[in-house]
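Input: a single structure, listed below in structure tokens.
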Amino acid sequence: MKSLVFYGPGNVKIEDKEIPKIDENEVLVKVKAAGICGTDRHIYRGEAPARTQVILGHENAGEIIETGRQVRSLKKGDKVCIDPNIFCGQCYYCHRGEVHLCKELQAIGVTRNGGFAEYLVAPATNVYKVKENVSYKEMALVEPLACCLHGIDLAGIRPGDFVVILGAGAIGLILLQLALHSGASEVIVSEPNSKKRKLALKLGASKVFDPFNDNLEKEIKIIKREGADVVIEAVGNIHTFKQSIQLARKGGSVLLFGVPPKDKVIEINPFEIYKRELKLKGAYINPFVTDRAVRILESGMVNLKKLVTSQYTLEELPNVLDGNLDESNVKSLVIY
Amino acid sequence: MKSLVFYGPGNVKIEDKEIPKIDENEVLVKVKAAGICGTDRHIYRGEAPARTQVILGHENAGEIIETGRQVRSLKKGDKVCIDPNIFCGQCYYCHRGEVHLCKELQAIGVTRNGGFAEYLVAPATNVYKVKENVSYKEMALVEPLACCLHGIDLAGIRPGDFVVILGAGAIGLILLQLALHSGASEVIVSEPNSKKRKLALKLGASKVFDPFNDNLEKEIKIIKREGADVVIEAVGNIHTFKQSIQLARKGGSVLLFGVPPKDKVIEINPFEIYKRELKLKGAYINPFVTDRAVRILESGMVNLKKLVTSQYTLEELPNVLDGNLDESNVKSLVIY
Amino acid sequence: MKSLVFYGPGNVKIEDKEIPKIDENEVLVKVKAAGICGTDRHIYRGEAPARTQVILGHENAGEIIETGRQVRSLKKGDKVCIDPNIFCGQCYYCHRGEVHLCKELQAIGVTRNGGFAEYLVAPATNVYKVKENVSYKEMALVEPLACCLHGIDLAGIRPGDFVVILGAGAIGLILLQLALHSGASEVIVSEPNSKKRKLALKLGASKVFDPFNDNLEKEIKIIKREGADVVIEAVGNIHTFKQSIQLARKGGSVLLFGVPPKDKVIEINPFEIYKRELKLKGAYINPFVTDRAVRILESGMVNLKKLVTSQYTLEELPNVLDGNLDESNVKSLVIY
Amino acid sequence: MKSLVFYGPGNVKIEDKEIPKIDENEVLVKVKAAGICGTDRHIYRGEAPARTQVILGHENAGEIIETGRQVRSLKKGDKVCIDPNIFCGQCYYCHRGEVHLCKELQAIGVTRNGGFAEYLVAPATNVYKVKENVSYKEMALVEPLACCLHGIDLAGIRPGDFVVILGAGAIGLILLQLALHSGASEVIVSEPNSKKRKLALKLGASKVFDPFNDNLEKEIKIIKREGADVVIEAVGNIHTFKQSIQLARKGGSVLLFGVPPKDKVIEINPFEIYKRELKLKGAYINPFVTDRAVRILESGMVNLKKLVTSQYTLEELPNVLDGNLDESNVKSLVIY
């Protein structure tokens, strides 16, 4: 089978590999669509770790070809999407049910072979059956959708709340839709790219701002003197981290969802956190949320199709990882 | 001013009264629309208590005519809706912030004069300013909307959840919309009246059932083997109370929102509650939710206009309270 | 190895079996102490299910003799206690993180061999290392302690709350201590047996009552007019289920912890649940709490030694299961 | 009546004033004990605002001398303590039930006359009756106790958790006791003053450290490799704010309870918040917790007597505010 193998920073190769064998608790999946994510680029550039000689690709959807002897919940022919994260069950975090913080976390497409290949092996525990009405394209986005769902669970938006989202990439645009589906009565989005701002409006934003030309803080004071009940950072930039704290109302929550650079620091004023009784919360991947993400896919309540702006073949992938994306690009897929 | 005064069960009169005076912390409101609610009928029939000689009407919207000396948050000309419930601040429940359970709770339209009159006095704490884009008709529904919001806060629906609602009266149809705005991926509604079932479908229900002709339990097993993540009783009938417990999945929640008859009992099987680890929750009125209800009104995310199926003048009200409603009626208003 | 094998209701035998082999993810444990629980008696009497020919015993503590090839978190010589419940990871409930509701739940001592034997095999995921300062006797009680901890997590006691507990068996007396360690400012216990009432007082109850001689409801009104913030049923009797609902204050919570008879029903008044805005919650076993239960054991903050009122050898166990317990007995152990 | 009047930074005077008159919703209290708090010193030094010509003193306990016409919940002779914070009921925050964030918050002893005087007037809503078994000395500490209770509610400690507290002043020592009463299985305290460290051990700390001589981070890694489930900052120093973030485990919570200097900033690494999925929470005063604080006083479960290290007369107060405290001082009171 054709596969994209990672040999270290800047070094990936398309190779022909044997179709892998499965264990009694695993399934073999014919990959139909796989998302390309910021993390894949980070790995390619050596900014995020991955096992050498691994097949990359952690956002995967496909069809089941074979099931292990012990697998009862799935069968040949099932349309499935895959949660890449495999927890150990034995560590401090697994014992507390905080499995995403597992000390021995494995991930399909990072520490074991992933979906940038024609076939993929996954433990049955990580495979979710999806109804016929959903396309493989949408299914390939279940992992980012699930991450956003975990973030939304932490954000604590209540119907009627006023929400601000910084960033309208794929993640910001999913979070926007989930914020609306959590009852936000107004969602303001800040995003420099005008095409993405337009998309945000189409997907339900009440208002959009360009962070480089508008005065967001001032505008928000006009709209809502108190500031936002919930602010979500979805850029991964340290400036927007600072900004997100400023935009929250007294008693408000700030969800820090973007992945900031490892070594950068920001200055915060602890007195503000006390006096305004703020809650700042990190969000890390997707524990126990993929089933609900699949139900959301099936219901059609979140528009993921509009987010897919480019599609590639596996052969094009090395160039895609190497090159620069058009900045209006929202989400790219590999289609088989 | 023309007023509907309550003189005891079956005894209400339209009378001409003086426009009331306000205190330093109160406002005088010219009533523009007032909802007629099941509770008003219960009072009329002697099934729920109200002070004798009180002007009824607890779902009120209008325009501010005058403000007390101490009132800073509101001004003449403001378009406002009114939370009827006034808590004492001194009792066990008020001290714990559970103000809706106040031992000395007063209610506009029940224990002090309400909105079935041309003018109304309310403490400034209970009056909420609403933006120009909302009609008085919709504003008169803020109280039931706020009650439903409190119920939804308790229900704990998370995006992707599967919800069942029993009853599609005004309350069921508001709860349906709020359940969708809490991220429910599917909401099934059970309701005997076919017009209301149609309305439920229009407002977003995935499927509707007639409880007297369909086998809801069986159908739900087909749709979702596990049962519902959250079931909401919105009838106020003891049979639907029992049914709501049966329809919940293991680990699921049952929100008991309807007001059942005071003296009726139902049989439940405690083993089921243990084995299926159910959560049963009552919901009582609307503590600290009216501001969010107003934001929801302003955003237009909940359709309240479709719920208003009849409008009356104050003069028609005695007959309305005395007569029987067309069973397809959803919500009635008095318009001034 | 000597083992107690279950051959069906009323039929258990002490047999000599081979020491079992372990898998790569399992450990072999030399059993040192095993709790005898109400469930064991229910199994013996045919009132609760168990696999035929299984070795019973689900409350186990011992020393690790051997570890499988893949086990990194544990080693030979470790003092350990064991969570009996093994979840499948693939079902609806496992996917949502509600692993105790797993549709394919396995249990050591019920569906696979348990600790009424000299040796025991357990998956490493279910085995918890304990510090030297804790005795095997106490460690054998980690499973009931963990169940109670899950119940307490659900009960939502806050510092300063007033709590009532019905029943002072082993479970009631653990819940009493955990309620105090959740900040309850007063805990009243109702229990017919005078020795257990005395023990409850020693373990921190503010007051105790005999349900058959005292008027609990009346007394509670005297102590606290409002009723209890949280009521915990720890008997498993339908009368106490009814009573627990009566004793809660408006807005209060009722934790239904006892296991009532499968087929018995009680009458409840749904109007009460609405008007008093009650929360009724079932509690089922012990998801993701065993690690904290072990920390509680190690800290010595809960007194479990006082609860062990009888100790037996494995050979005595058939008679113990067959006979009747002295009613003052709180908790029995098998010691090896 | 003798009173301590504030005339601006550095300027307080003991004056003889008339006993104040009460409103229909107020009570007149003969002050018996009043706490002197860091805030009083901040006001005296001009670092925190207060109304000019106000009588200071916001931690008050006394006996009711007279009640207003409308007051039903209290009577002459009642032993009471007083919540100083009076909310407006009309603003955004009051409408959401977040009354401590009220935009027009008034405080007894800051914006209206307080308890550094022989008599004090308070609205009945803010006055709590206390049982005979509690001394006025302890009752004067109900305000800091209530603030700590609010912090503990936010911290989310669960039984079995490992907690670190930075600072063992009056506040740190109350938080220590409440953390234990929330089920913490281990509480480590960091505090430079050796007398206070000893007191922390007496009050239940498992271990204490001197931040200037010990390597707390290293020691904690030895004790608990993961770090703390919950860290509480109770110093009000920017260094300890930084440290509190470092000491939390992945998925842990950091409660920022101390009041840091207004204009100081700290550098934080946002990547840490993401990767370790931290929750940072401010805590601000005491909404809806005073009733529970009173129950805690009455139960004796928190030792407040040990915290009172100095007592003064009203006449000594100007010197006390002006002078420097012995650094081993924990809590000072004015006794009448």
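Order as written gives the chain letters A, B, C and D; numbering starts at 1 within each chain.
Rule of thumb we're sticking to: a residue touches a chain if its C-beta (ideal position, glycine included) is under 8 Å from a C-beta of that chain, and two chains touch if they have at least 3 such contacts.
Bear in mind that the values here come from a model prediction, so they are computed numbers and not experimental data.
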If subunit A and subunit B share one sequence, what is the angle of the rotation that overlays their CA atoms, in steps of 5 degrees?
180
Distance between the centres, which are taken as Cα means, of subunit C and subunit A, whole angstrom
40
Whole-Å gap separating subunit A and subunit D, where each centre is the average of the chain's CA atoms
42
Scan subunit C for residues touching two or more other chains and write them down.
92, 96, 291-292
Draw the chains as dots and join the ones that touch; what shape do you get: line, ring, star, complete or other?
complete
Considering only the defined contacts, which subunit A positions touch subunit B in the complex?
149, 152-153, 158-162, 178, 180-183, 185-186, 206, 289, 291-296, 298-299, 301
Spell out the part of subunit A that touches subunit C in their complex, as residue ranges.
71-74, 89-92, 94-97, 99, 104, 124-125, 128, 287-288, 290-292
Parts of subunit A lying in touch with subunit D, wherever the complex brings them together
92-93, 96, 98, 100-101, 225-226, 238, 241, 249-251, 256-271, 273-284
